[in-house]
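Starting off with a structure, shown below.
Labels run A, B and C following the written order; every chain starts at residue 1.
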Amino acid sequence: MEDWIISNIVTALLLAGFVGAAAAVRSSRIWTDAAASLWRRRPIALLVVSFYVAVAILDSILWVGGVDAGEDVVSAHEAKSVIDRLFLDARERSYSAPLADVEFYGAKPLAHPGSHPMGTDIIGRDVVYMALKGIRVALLIGGLTSLIAIPLSLLFGISAGYFGGRVDDFVFFIMSTLASMPGLLLLIALIMAMGRSTLSICIALAVTSWVGFCRLVRGETLKLREQDYVHAARVLGVSEFQIVMRHILPNLTHLVIITFVLTFSGLVLSEAVLAWLGVGVDGSWGQMIDQARSELSRDPVVWWNITAAGLALFGLLLAVNMVGDAIRDILDPRTLRESS
Amino acid sequence: MVAYVIRRLAYGVLVVFGVLFFLFVLFFWVATPDDIARRALGEKAPPAAIEQWKINHGYDRELWPWQSFEDNMLFAHYRSMLTLDFGRSDADDVPIIEKIAKGAGPSLALTVPLFLLGLVASVMLSLIVAVFRETYVDRMGVVLCVLGMSVSILLYIVGAQFLIAKLLRWFPISGFDPSPDVVARFLALPLLVGLVSSIGSNVRFYRTVFLEEVHRDFVRTARAKGCGEARIMVRHVLRNAMIPILTQIVIAIPFLFTGSLVLESFFGIPGLGALMVEAIQGNDFATLRAMVFVGSVLFVVAQVITDVSYSLADPRVRLE
Amino acid sequence: MSPLLEVEGLTTSFPGPNGDIPVVDEVSFSIDQGEVLALVGESGCGKSMTALSVMRLVPKPGRIRQGRILMNGRDVRQLSIPEIRHLRGHEIAMIFQEPMTSLNPVVTVGVQVVEAIQLHESINKARARERTIELFERIGIPDAADRFDVYPHQLSGGLKQRVMIAMALSTRPKLLIADEPTTALDVTIQAQILELLRELQRESEMSILLITHDLGVVNELADRVAVMYAGRIVEAGTRLELLGHPSHPYTQGLLRSNPALAQPGKPLPEIPGVVPPAEEWPEGCRFANRCARVLEICESEVPESLALTATQSTCCHAVARERQNA
């Protein structure tokens, strides 16, 4: 199946997921209150995050056609997203400063003078467009990695905490082993071994980040297991699987949410470092920053590339951090401490 | 106590064995010797050259013990790693041990001061913020921390190099010269960047820890005795916050040796971090393997030290 | 002779959903030198917060809104920070309910007592250590010299409380505030601690503000008693007066429901209803909805303090009306 069709399907599933989550929140008083409290505390940060998510979604809805074949026959048959189409006719030939009328080197007049708020890059692409494209990449990294890491942590953590004994020993050993390997090193080693595709980068990030959450899950499960209602359920003959699904898992939801939001920014930052090392995901801000590094030593300085990428990155991370802090305060008044 | 340490070290040895196994799987099974050879020689290298390269590096044997018990790569891998016989670099054939020895010095020259300064600064700032909790000093502090945490270290580096080195010309952009009179100039900028980029998340973490302690009953007792806020912070809160602080300290120790990849490559410091970056860019699996192993051993030792230090810091902790 | 501690119209409030809630509402009492005053009431009536207010230890976001707290004639509320630090631990000392958590777990008990001493006297460590060991012996901690170097978690609850008492008394304070000192202890230990407090108090002529909900403790230690309900003092008097012929319906109800007085075969009397939560405090007398002698005026007007004898006073419209008609 074509890549772009997969992207559309995934986007549709995600939107369905959002709707489902919203319905679930609406139906439960606790969650509705929490959501209202979050909106009260951090409206701006939430709006910023929503903006980023909206752009990412728009950038994931792709279809072919509707493009004036004109100069570029090849690209006319590529799938383009909503964001792509907004910037279809914005190419220049090379660098230009923000809102300039002429090219940066050589002062030749631009095809679209004064219409590039952050200038253009080395092959003439609008820098705002490049920054916006990076949003989808960043959210993909954070989202896909968490999608792999969180279920993994839950599986191992709950098993270790609930069943104890040999299972616990085994999981503990795996966690110790993985935790003993310096993070960045292990990350790079994994990527070198598995290849540099987006999927393998996300898998590598997941492998290096699931241990922390797993420990937390294990600790909480140990506590939850001793609750009276769990004992009662067992005495009534409820199967272990059902106990886990009905009593343990739902009580871990707040941990999942907090961890997801708080580790999100760490993942995006890690990818930036990977990009600079040459093993990042295509189109990410990290890559933009890496490519822009050499531009700063030119004279006169080409500063707009790195500024746009840096600001976009900073904006997302700041908003996510603030929302994450607020979520943590709301869902768990005693701030979670990393278990050592 | 001694029995405990021995038991923990024994478990640590088990973990190191686990790490070695993981490395083996990663570097010989997920990425086969053929893959490695091809990356070193180029995708289009003829099969004969690949075979020769594999023979030169000792990668031509069977992988698993059940394929060939006497001469298999798993055992060879364990043997060489555990005897610290790391062999030669896949990229430039220099003995890896030499490279590690040479790189350790410059790495430590950067990481040790960075670590010490960072610790002192973070703890002091967090204590101050905790004393002024719930006033605007505290709120400002938290805001600054979150802002600081949201900026990628790459941007700090670029910013520092651009502003301070290029515009103000206070320090050189990069480079390293170990002679004692100039070495400080080369370390100043990476030190500054390392400090500023990590102080945000450190202060936030310590602040949380201190605030948890500050609301405990024994602090109320101390206040009722007539202790001033400053004394309470240092003599009561800090002492009780030692366990999480110690965890942070000891966990950081392995990184003192492995160096900071990012800082070293950007600032041209020829330490172990730079060595690893070279290994990555040169597809030098052998060096990478050795470095991960060294890092893991250090980690395991650090873990044992952490546990032991817990019992010294908190008399309630009993080592079982 | 003027009283050691005089509290007048003390009001301490916490922010609530609909404005500030005065958890301590215009509380007035006084303690003379050498006297033991028991502040009695159920949990949540504001007695602990009253004690904390006297030492200006009210936890945020609570604040003392009104009132004067005169310690030896000086208003505690007007003291500067260095002055209040001098007051705490030196003129007024406090011991708390939970000895488990009230001692610093990573410092030896001896060092904690030495700290208390050295905060207020310039004395070298060796001398302070000697004094501490002497104090431990006096307080009944066996093997005092060895116990100096012990950590709190290595001691039983009773011993921990003894350490707290030693720490409080090490600076020879004029007033000791004891907030439920025996509630968290076993019954047998309770008796020992109470006896210890009684001895110490007699020896040193120290005043004690004793916070408790246990009438048995009141009987053992108190000279005078003040009863609190929902933030206000409803009755005060000497121990004999209050335990013998209480006048306020609440005090009467408390005494009646004492299990020690239970008669076999008959149901244990109790006060009907529950203490109203702070957000729902009514106008007028807060006990009105549970009172057997409630009058119409009780629901709208707060009863003023009425002196029954030279030492006993009560805040009750029914009692006031009865006296009027007499």
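Just a few scattered comments:
The rule we apply is simple: a contact is a pair of C-beta atoms (placed from the backbone, for glycine too) under 8 Å apart; a residue touches a chain by one contact, two chains touch by 3 or more.
Note that the coordinates shown come from a computational prediction; the quantities given were computed from them, not determined experimentally.
The greatest centre-to-centre distance from chain B, using averaged C-alpha positions, is reached by C. Top contact pair of chains, counted by C-beta pairs, is A-B.
Remark: chain A and chain C have CA centroids separated by 56 Å (rounded to whole angstrom). Centroids built from CA atoms put chain B at 25 Å from chain A. Taken together, the chain B residues at the contact with chain A in this complex read 11, 14-16, 18-19, 22-23, 26-27, 30-31, 146-147, 149-155, 158, 161-162, 166, 208-209, 212, 243-244, 247, 254-255, 258, 261-262, 276-277, 280-281, 283, 285, 288-289, 291-292, 295-296, 299-300, 303, 306. Residue ranges on chain B touching chain C, taken from their complex, read 134, 216-218, 220-228, 235-236, 239-240, 242, 313-316. Only residues 173-174, 176-182, 184-186, 188-190, 192-194, 265, 269, 272-273, 276-279, 286, 289-290, 293, 296-297, 306, 310, 313-314, 317-318, 321-322, 325, 334-335, 337-338, 340 of chain A touch chain B when the two sit together in their complex. Residues 55, 57, 59-60, 81, 85-90, 93-94, 96, 98, 101-107, 115-116, 119-120, 151, 153, 164, 167 of chain C touch chain B in their complex.
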